[in-house]
Structures are given as structure tokens and as C-alpha cells.
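Here come two complexes built around chain A, the first alongside chain B, the second alongside chain C.
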Partner chain A sequence: MRWLLRRAAETVLVLLALSVLVFSLAALTPGDPAEEILRRGGLQPTPAAVAALRAELGLDRPLPAQYAGWLLDVVRGDLGRSYADRSPVGAEIMARVPATLRLAGAAALVAVGLALTVSLWAALRPRGAVGRVVAVVTVAVAGVPPYIVGILLISVVAVGLRALPTGGDGAPEAVVLPALTLGLAGAATLLRLLRADLAQAVGQPFVKLAAAKGLPARRAVVVHALRLAAPNAIAATGVVLADLAAGAVVVETLFAWPGIGQLAVSAIRQRDLPVVQAYVLLTGLATVLLLALADLCLTAADPRVRRR
Partner chain B sequence: MRGRAGLVLLALVVACCGLTPLLSPYDPHLPDPARALLPPGGRHWLGTDQLGRDLLTRTAVAGRTSLLFALAVTGITTALGTVLGAAAGLAAGPSDRLLRFAATVALALPGLTPALALAGVLPPGPGAVLAALVPFGWVSCALVAHTATRRVAASGYVLAARAMGASPLYLLRRTVLPHIAGPVLTVATADLARTLVAVTSLSFLGLGLPPPETDWGGMVSEAVPLLVASPRPAVVPALALAVTGLAVALVVDSRDPA
Partner chain C sequence: MRGRAMITAAVALAGLAMAACGGPAPAGPDDGVLTLAAPRDLVAGPQDPYYTHQTLRVWEPLVTVDQRLRPVPALATSWTGADGGRRWTFTLREGVRFSDGTPLTAEAVVANVRRLLRLAPRQSPFFSLDAGMELAYGRLSDVRAEGGKVTFELERPVADLPGRLAGFFSMVQSPRAFTPAGDFAGGPVGTGPYVLTGWVKGQRAELAANPHFHGAAPAYKKVVVKVIPDANARVAALRAGEVDGLIDKGALLPGQVAAVGGGGHTVVRTPSVLTHYLTFNASRKPFADPRLREAVDLAVDRRTIAGTLLAGTARPGAGFLSPVFGDLAEPSVAPAHDPARARALVEAAGRPAEPVTILVSSGETGQFPYTDIAEVLRAAFARVGLPAKVRVAEATKAVMEAGDYDLFLSAYSVPNGDPDYLLRRFLRSDAAWNTERRLGYRSEEFDTLVDRAAAEADPVRRRELYHRVQRLLAADRPMIPLAYQDNPIVTSDRIGGVEQNVAYIVDLAKLTPLR
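On to the complex of A and B.
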């Protein structure tokens, strides 16, 4: 219980630090936001108009007060208004969330599913060719950026074989290539961990005993060895899923997938600060929650953690 | 064995990227619409791209930029991370906790996120690429240096040097750095792989170097719109980056004790 409380307190502290970082992005931006908004609205940034807008936005208050006000707004769910068209950022982001969730969810399935099946397969056939091939492939995938995997997949599967669409979110099968692109790197990371830990777990006396009692090898590995091998992989899954969410930016751009990542990239090109801030904040929040969730799963799977 | 294969591959890539621009008769940036999308062979070994530029020359020049930026960023983050991590490890106490907390916060912004945020506010250019990747890049190296330093700091000769009144700088330089060089080099290789991905990804998103300068990510992103009609201008730099990534990954893998 105390462990849980400490973990929760740490999470809150990290989120606060994150909010300070995101808020200070504004300070790094050259130029005055009020002037920027007026100019983009097609208005003349006269000193009087700028001063009025600064007062309206609260930019004339001292920085700590600005931060407090901004944080309160964010906690209430008000992420400010976009520079480009003065529309509320929160609504704009929320409209994009389902697409990104669909892509990231499918990619997570690819990552976890592929890692589990292949590592169990390799553990059941320790001297098989599959294991050795997989070891080389995981190293290769780890070093190659996802969008390169995506380009190669598009040129072979979509252009060469004409089997799947090259991009967009029109058909249900359109998710296959982006999800594969996004999920492969995570699959490689998890697979590497799980394979090493499983190989070690299979050698443990209690797994041998289970097999000696007459348990089928498959059951001994899947039920007994996997539980011992799981903790590292569970801890890594949090990081892998967070990386997935962050990697969606590039994959969404490549496949013209209408998610948050695409919104963020166009906002960055247009220097639309509130949208960028909202994107970073959302990614950070999702990551922190994912890591906390992975920690909780870890405690459930491995009681030894609780005693630390 | 794998590590050596990776090094050989990496040396080949570096040689290609370094020598081709010197030996090639073509300008990597000058468009020549009359010669657009020529197939490989004859005077253009890998053909030409959509604007008629020699693909081999352009890929090599872009590779040089990608590698130089990745090396520069990794060099800075490794130096910064080593010093900060080792200093925190030697000083112990609150600085330890501060470093751990910084690492936790950095972990909350995975992948390209911090670089994207910074690229979104800084004026574009080579400096922005460095400024976008350095502020969060040093953490991994600092953590490794910190752990290694803590182990070294407990040993007798550090204690002896301290007892003799050695200055912190002397301690760092003479007793700690030689012993943490191994793990630091390992994490630096892994960081190089990650930075290469990050640098080219930024360019791929159009947030890297402004044209005409380009790297592999920029070349790929220029060629993506015609991927269906003619994949070659995108696939050549993509393969170059894949081979380089594979080479670095092989080296990283061979240094990883696990």
C-alpha cells in the first residue's frame, strides 16, 4: 500500500514537471503570441490592439500567475485556442484521438502478439532455425527507423503486390500496413527480452519438474516458464507502448493517417503553439499513465516487487 | 563476429558517403528536368531522381549529412551525460535523486516528442536540429555513467585519492573516467543508432535541415508522393539508412552483455 502511495505521488510530481516544461515552450518561442494571433487573424498588430489582446489572454500577468492560470485551465480540460483558426484545441485533438487509438491499438496487438507467439515458439524448439533467424531479424529491426520499414512495406506489399492500400483511412484493411510498420520495432524489443528470459526460465528446476511429472512441454512452457519470464517484458511493455504512441507521428505522416500525429506535425510546421503544447502534454500524460499501468501489472504478476 | 560484420558494414557506408561526392561528376542539388527518373545503368549507376539529380551522388551527400549530424549530437550528449552522471555519482546525496527525477521526467516524453516540441518553436536550421535533440538526449548516457560511477566510487583507490585531498576534477579525470569508459561507449553506440533515427525522422517530417541541404529522411520524404509511380528515389535512401541502422545495431548488439 505504501508502495502504491509513493508511486502515485511520484506520478503527480512527474506530471507537474511535465506541465512546467510544456508551459515554458511558450517562453522559448521568439516573438509575442498576441502579435502573432492578430497577424494570423489578418489584423494590424497596433500597440493598442496588442496590449488589449495581451490583457485578454492574461499575458500581462507575472509568469508564475500565468502558469497557475494555464495549469488550472488544462486540468479543467481547456487547452486553449489554436493560433491558426482560434478554434478550441481540446475539441480538435479529441476528434483525432479515435484514429490514433485505432492505429496504436492495432500496432500494440502486432507488437505483443508477435513477441509472445514467436518467443514461445522459439522456447519450445530451442535448437530450431526459427530462433536463430528471429535473433538476427530482431537486431535488424531495432536499428531501422519505422518509416523506413514502412517505405519498404509500401513498395513491396502495396505497390509491388497491390495487396493493400498505400495510405489513408478509407478501408478497414488500410490499418494493416501502418500497424505493422509501427508495431514491428516494439515487437523486436519485447521479443528480445522475452526470448532471453524464457530461455533462462525453461532451464529452471521447477519447469523441468513440471515436465517430469508428465505435463506436456507446451503447458510447462506456457504456464510455468512464462510466468517467471514475464516481469521484465511487462515492465518493458509500458515503455514499448509509449514509444508506439510517440512513433505514431512519423507513421501517420507516411500513411496519411488522420490522427493526432498528423495534426501535431502540421501544427509544428505552422508554429501553432497551443496545438503543439496540447500534443506534448497528451503524449506525456499517456506515457505516464501507461508506465504506471505497467507497474501495476508488474506487481500483480510478480509479488516480489511489492516488498521492495 | 556480428560486431565485426557491423563495423565492416559501417566502414563501407562511411567510405561510400565520403568518397562518392568527391569522385562523382554530378551536382547533388542541381535539378536537370530533362534527365528525370532515368533508370539505373550507364552514366547514372543508380539512376536519377524526380528532378533529374544523380541518385547515387545525392544519397551519398545526404548520408554524409545524416551521419555527421548523428555523430555531432551523440558526441555532445555523451560528453554532457558522462560529466553530469559521473559528477552526480561522485557527489551522491541529493544530486542522485535529482538525476533520477530528471530521468523519470525524460522517460515521460518518449521518442521524438521533445525534439518535435522544440523543433516547433525554434527557427529552422542546423542549430535547431542540435537544439532539438540534445536537451533530452543526454539522459540515457548520464544514467549509465551514474551507475558505473557509483560502483567505482565505493572502491579503495577512489577513497585513497579522496583521503589524499584530490580535487573533484582530479577524481573525475583520473579515477572515475577510465573505469566507466566501457559502459559509456556501449551506451554511446546505442545512442548513435537512436540519434540517426531521430535526425532523419525530423527531416522526414520536414522539420530538419531546410533545403537544399538534405539527409536520408529528407530524400525519402521528397520522394514519397511518387512512391506508387516510381519507388526507386525513395527506396534507395531508405535502403541506405536501413543498412547503416543495421550496421550500428550489430555493433550495439555485440557490445551488449545481455
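On to the complex of A and C.
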């Protein structure tokens, strides 16, 4: 219980630090937001109009006061208004979260599913060629940036074979290519860890004993060895899932996937700071919570962590 | 056997792609529905002054522009100026109805003008309303409906009110579409060939034929315009047959044009209102010296920039107003490419101690190959003895206001058919652009000519004034035009009637399925 409380306090501290970073992102970016807003429609704004808008946006207040006001608004769920069209940022982000979750979920499935399948396959057939080939290919693919993998998948599968859509969120099968692109890199990370740990675990005396006592090899590996090999992979899964959020920026842009990553990219292009801020805040929050969750899972899987 | 089953299941999961490969191919274009893609959302929503971009043809303006940026009739069939440009009267097309069935009246037009005045200043991603709408109407003293006609009374003469109103500023929608505050109560209600039937912000707009349209019914009864911001993703969607065409400003990057032509697609290249300029910081050394500005002008190889770097999607720049301004463009301005004379000028003026800075905005490098162009400029300047360096900056405004640049490479366009916009807002001695960005251009002659041209009602004299302005700019060189940009768009060969005007507007109602 004490451990849980300490962990929660740490998380809150990290979140506060995150909020300061996110706020300074906007405050320290060169350029005047008021001017940006006014110039957006192609007009040269007058100095008086800029000054009036600065006052309206509260940009004439000192930075600490701006931060306090902003943090209070964020806690209340008010993420400000977009510079581009003055719509509430919170609603805009929330409208796009489901698409990103769908993509990230499918990508996580690819990453975890592929890593688990291939590593178990390899552990059961230590001398099998298929497991090795798949492992090598997965790791090789991870060395290629997702952007390139995505372009290859689009030009071969979507444009060449016309087997799947190039992107967008219209048809249910549209998620396949972006999820593969996004999931492959994570799969390789997990696979490398899990394969090595599993190979070691299979060599442990208790696994051999289980086999000697007549337990089927499959059960010995899947149930007993896997539990011993899991901790590193669980810790890494937290990081991999957090990476999915970062990778989603590239993949969503490439596949015209209407998630928060695509929103962030177009906001950056348009210098729409409130949207960028909200995006960073949200992905930062997701990362912190995912890592905390991974810690919890690790504790559940490995009693030694609790005692530390 | 449990393990095997689990592994099989996991393999099936991981191989999602293979499973879906046998699925149905994406639907090809069918005759009733047209699917297009654009780099940006052409719908801005109920808080916007216009709700939709003019391209979607949901609403129509009184006046629009043709290929030569001349004002041509839309909802107004004709117009007359009187009292030296202080009174303008527009005659409306007859038998026009809004998409809700109510008739178009002069009173409705007046209500729209008053609404825009009430909303201003208001930003829009398409065309913001400036305070007092001076950009549109000059000083408007009254607007009224008289005998089915609309009359604008102005405090000061405006030579070309129809040109200024062309497009967004003379949008007409049913007054019933607006709340008393001026926002949209529901969707847009216009007179165009299409009505907006669906909109997912940032993703897609859906249009259906307007049953009350006054002209010929469009061939495509439904149009879907998808938003695909990434240039490569747009072209991939086109090649995969998911969209029938790419439209709007920046639909294709210059480098993509050669790659998408042929293979069932046709590229339509038409001149646009966009021009690439090189702006001088003449408020400090070395470009305070006109000889060095001339040296730069002579050192620049406009043909290479337009033909090679912009991949033939642009034409070499000459006069300040591009050829899309029709006879207002001054044809006698023809800058030479003469590195030898440029070198002599640099030697005469004295070679600057420090390299000059060519400033480029990082925001613009995504659409045009500005880093390449800046690099070629740098090399060309070096060859004439003018050392230079390239600086790509995020916030060019701050850099320019600090005066920390020598040359700025950037593109500008006019939002309507009015040359006064460019000259007055950028280069007049009191223009914010000129003063705040440290251009250092002060010319009483220029100011006087621009003011006279804006108020000159006689078209011949007005044209002569604009020609004089351009000859003056060609000699003074506060900004030099590098290239006049086309806006290439692409459609499937199965679509006919593709035309684009200089303001990037494709008439969706004229598109027809071939065969």
C-alpha cells in the first residue's frame, strides 16, 4: 500500500513537471500568437488589432500568472481554443482520440502478438528455421524507419495490388496497413527481449525437471518458462505502447488516418499552438500512465519487485 | 493441442494483412458520385463568415474572376459605376432561388453585406474580414436595395469595386441561414449547384446537387471531398483509385507533377494568383545600396528557378503584377540575367564584409522547394562576388522585425481581383509589411501613383498608372518577382470539363463523366 502511494505521488510530480514543459512550449515559441491568428486569413493585421487580441487572449499578463490560469483551465478540462478556427481544442482532440486508440490498439496487437508468437515458436523449436527467419526479418524491419515501411506497404499493397485502402478511416480494413507499419517496430523490440529471456528460461533446471516429470514441452514453455521470461518484456511493453503514440504522428500523416497525430502535424504546420500543446499534454499523460501501469503489472507478475 | 491452437490464433492475428488481402477492392469511381481530395478542409463551419470555400459551389458571389483576374458576372449579371466610382449598382440574375426554395432578392444581398460588416473583423481560413471591411468596400456609407438592384454608396471613389468584391466578399446566402449575431444557425444555404449534406471536420465534405439551382444541373449528383494533408498520401490515394482527382491550392507539389501525369490521369496546369518574390531589407547595409539590389536582380537566373527547381510549374517573373492581372501587368518590364554586369556592380559598390542572409520560412519549405531555390541563389550570388548564407527560420516575422535578414524568399497572392491590395498593403510607405519588416522602401512617387490608381475610374488611365507603378518598382527594386506560380491539379481521364480559375477554384458543376 505504501508502495502504491509513493508511486502515485511520483506520478503526480512527473505530471506537474510535464505541465510546466508543455506550457513553456507555447510561451517560449518565437512569434506572436495574436499576430498569427490575425494573419491566418491572408490579411496584414494592424498593430492596434494585434494589441487588442493579445489582451483578449491574456498574453499581456506575466508568465507565471499565465501558467497558473492555464493549469487551472486544464484541470477543469478546458484546453483553450484553436488559433485556426477558434473551436474548443478539447472537443477537437476528443473527437480524434477514438481513431488513434483504434490504430494504437491494432498496432499493439501486431506488436505483442507477433513478438509472443515468434518467440514461443522459436522456444519450442530451438533449431527450427522458420522461427529464426521470422525473427531476423522482424528485427531487420525494425531497423527501417516506419515512414519507409509505410511507403513500401502503400505502394505495394495499396497502389500496386489495390488489396487495401491507402489510408483514411472509411473501411474497417483500412486499419491494417497503418497498424502493421506502426506495430512492426514495437514487435521487434519485444521479440528481441522475449526471445533471449525465453531461451535462457528454457535452459533453467526447473523447466528441465518439468519435462523430466512428463509435462508436455509446450506446457512447460508456455506456462512455466514464459512467466520467468516475462518481466523484461512487460517493462518494455509499457515503453513500446508509449512509443506507439509518438510513432502515430508519422503513420497517421502517411495514411491520412484522422487521429490526434495527424491533428498535431497539421497544427504544427499551421502554428496552432493550443492544439500542439494539448497533443503534447495528452500523449505525455498517456505515457506517464502507461509506464505506471506497466510497473503495476510487473509487480503483479514478479513478487521480487514489491520487496525492493 | 492448446498451445498449437494458441499459436495458430496468434499467427492469424499478426497476419491481419494477409487476411484482408482477399477482401473487396476499393470501389472505383462511379458515374453518380465524384470523390476528390484536397490538402485542406474546404469547410470551416458555422463560426466562419462563409461556412464553405467558394470551390465547393454551395454559395455564389455577386462577382467572380476569370482566367485573367477580371471581374465577371456570377449572381450579378451586370454593374455600373457612377459619380467617379462613388456609386456602384449591381443588377441581379433573375429566377434564382436559394437551396431552401426562397428567392434571391436585392434585400437578401444587402442583408449579407450588412452581416459581413457586423462580423468584421473576423478571421477565416479562406479570407479574413478586416476591420470595417475597407479592403472590400473602401469607405462604405450606405448599401441599399432599389428596384431589384443593389447599390453601394462610397465615401471615397473606388476604381474597381467589382474586382474587390470578386469571390468571398460578395458571397450571398439566404438571410435565414444566419442567427441575429451573424453566425450560421444551421448549415449554409446558398444558390450554387450543390448543397452541403455532410461534414466531418478535417476529414471530408459531402455535397449533393441543389434541386433549386438556377443553371444546368451538375452531372455528378454527389461529390465527396476528402481532406488529405500529406502530399504523398494524396498522390497514393489517387494512384490507388480511391479518389478521382486532387484539387485546391497546392494539390500537387511541383516535384509530383511529372510523376502523376499519364497512366489514366491528366494534370491541368493553370496560372494562379501566387507569385514568388525576393524581398530586400533595404533599411540597412548592404542592400540600402541600389547597385547591390540591381546586382542581385541580374544574378538571379529566373529560368532555372521556374523551369528546373519549380519543375516547370512556374514561369520566370518579370513585372510586379503577374500576367494573371491581364492588361494591368506591365509587359515592358523584362529583367535580364547578366552575371558579368552584376559582378561589375558589386565591385563598384564594394563587396560586403559579411555574407548576406537569405531568409526562408520553414513553413513554406513543405510546399515549394525553397531550400533548394535559396541554395541556388546563394551559389549565383557567390559567383558575382556577393557571399551569402541561407537561414531557414520558424518565425520569420520576429527575424524580419529585428531586421536580421537581407533577403526574404516568399510567396504572396492576391485574394481578389484587386492589384491595390498587394501594392498598398506591402509597399506603400506606411504599409505594415514595409515598415515593420524593415523593407526600408520610401517613395512619394510610388505612394501617389498607388493612391491615384485606386481612385481612377477611367480604365485606360488606371491601367497606365499601374504600368507606371510597375516600371518604378522595376527600377527601385524593393521586392523582385522571381516566378509566377501555376497551380497544377490532377483528375482521372474519365472526368471531363476540368477548369480552374486563377483563384484555385474548380467549377465542380462543370465536371462530367466521360464514356
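Quick note on the criterion: the second predicted complex is superposed on the first by the 279 of 308 C-alpha atoms of A that agree within 3 Å, B and C clash if a C-alpha of one lies under 4 Å from a C-alpha of the other, contacts with A are read in each partner's own complex, and residues count from 1 in each chain.
Rule of thumb we're sticking to: a residue touches a chain if its C-beta (ideal position, glycine included) is under 8 Å from a C-beta of that chain, and two chains touch if they have at least 3 such contacts.
Because the structure is predicted, anything quoted here is derived from the model rather than measured.
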| item | value |
| --- | --- |
| Overlay on chain A: chain C relative to chain B, clash or fit | clash |
| Which of chain B and chain C A:A301 touches, first, second, both or neither | neither |
| Which superposed partner A:T287 touches (first chain B, second chain C, both, neither) | first |
| Partner chain in contact with A:T253 - chain B first, chain C second, else both or neither | both |
| Partner with the higher number of touched chain A residues, chain C or chain B | C |
| Chain B versus chain C as contact partner of A:T29, first or second or both or neither | both |
| First, second, both or neither for A:L101, with chain B first and chain C second | neither |
| Touched partner set for A:V159, first chain B, second chain C, both or neither | both |
| Touched partner set for A:V144, first chain B, second chain C, both or neither | first |
| Partner chain(s) touched by A:R269 [first = chain B, second = chain C, both, neither] | both |
| First (chain B), second (chain C), both or neither touched by A:D243 | first |
| When the two complexes are fitted on chain A, the stretch of chain C hitting chain B, from 364-372, 436-444 or 472-480 | 364-372 |
| Set intersection of chain A contacts, chain C complex versus chain B complex | 29-30, 151, 154-155, 158-159, 166, 253-254, 265, 269, 271 |
| Contact footprint of chain B on chain A as seen in their complex | 10, 13-15, 17-18, 21-22, 25, 28-30, 139-140, 142-145, 147-148, 151-152, 154-155, 158-159, 166, 196, 239, 242-243, 245-247, 249-250, 253-254, 264-265, 267-269, 271, 273, 276-277, 279-280, 283-284, 287-288, 291 |
| Touching residues (chain side chain A, partner chain C) in the complex | 29-32, 35, 37-38, 40-47, 49, 84-87, 92, 95-96, 106, 109-110, 113-114, 116-117, 120-121, 124, 151, 154-155, 157-159, 161-169, 171, 173, 176-177, 179-180, 187, 216, 218-219, 221-222, 253-256, 258, 262-263, 265-266, 269, 271 |
| Contacting residues of chain B [partner chain A, same complex] | 2, 101, 104-105, 107-114, 116-123, 193, 196-197, 200-201, 204-207, 217, 220, 224, 227-228, 231, 234-235, 238-239, 241-242, 245-250, 252-253, 258 |
| Complex contact set, residues of chain C against chain A | 2-4, 6-7, 10-11, 13-14, 16-17, 20-23, 25-26, 44-45, 47-48, 121, 123-131, 135, 200-203, 226, 228-230, 232-234, 236-237, 239-242, 363, 366, 394-395, 397-398, 413, 415, 425-426, 431-433, 436 |
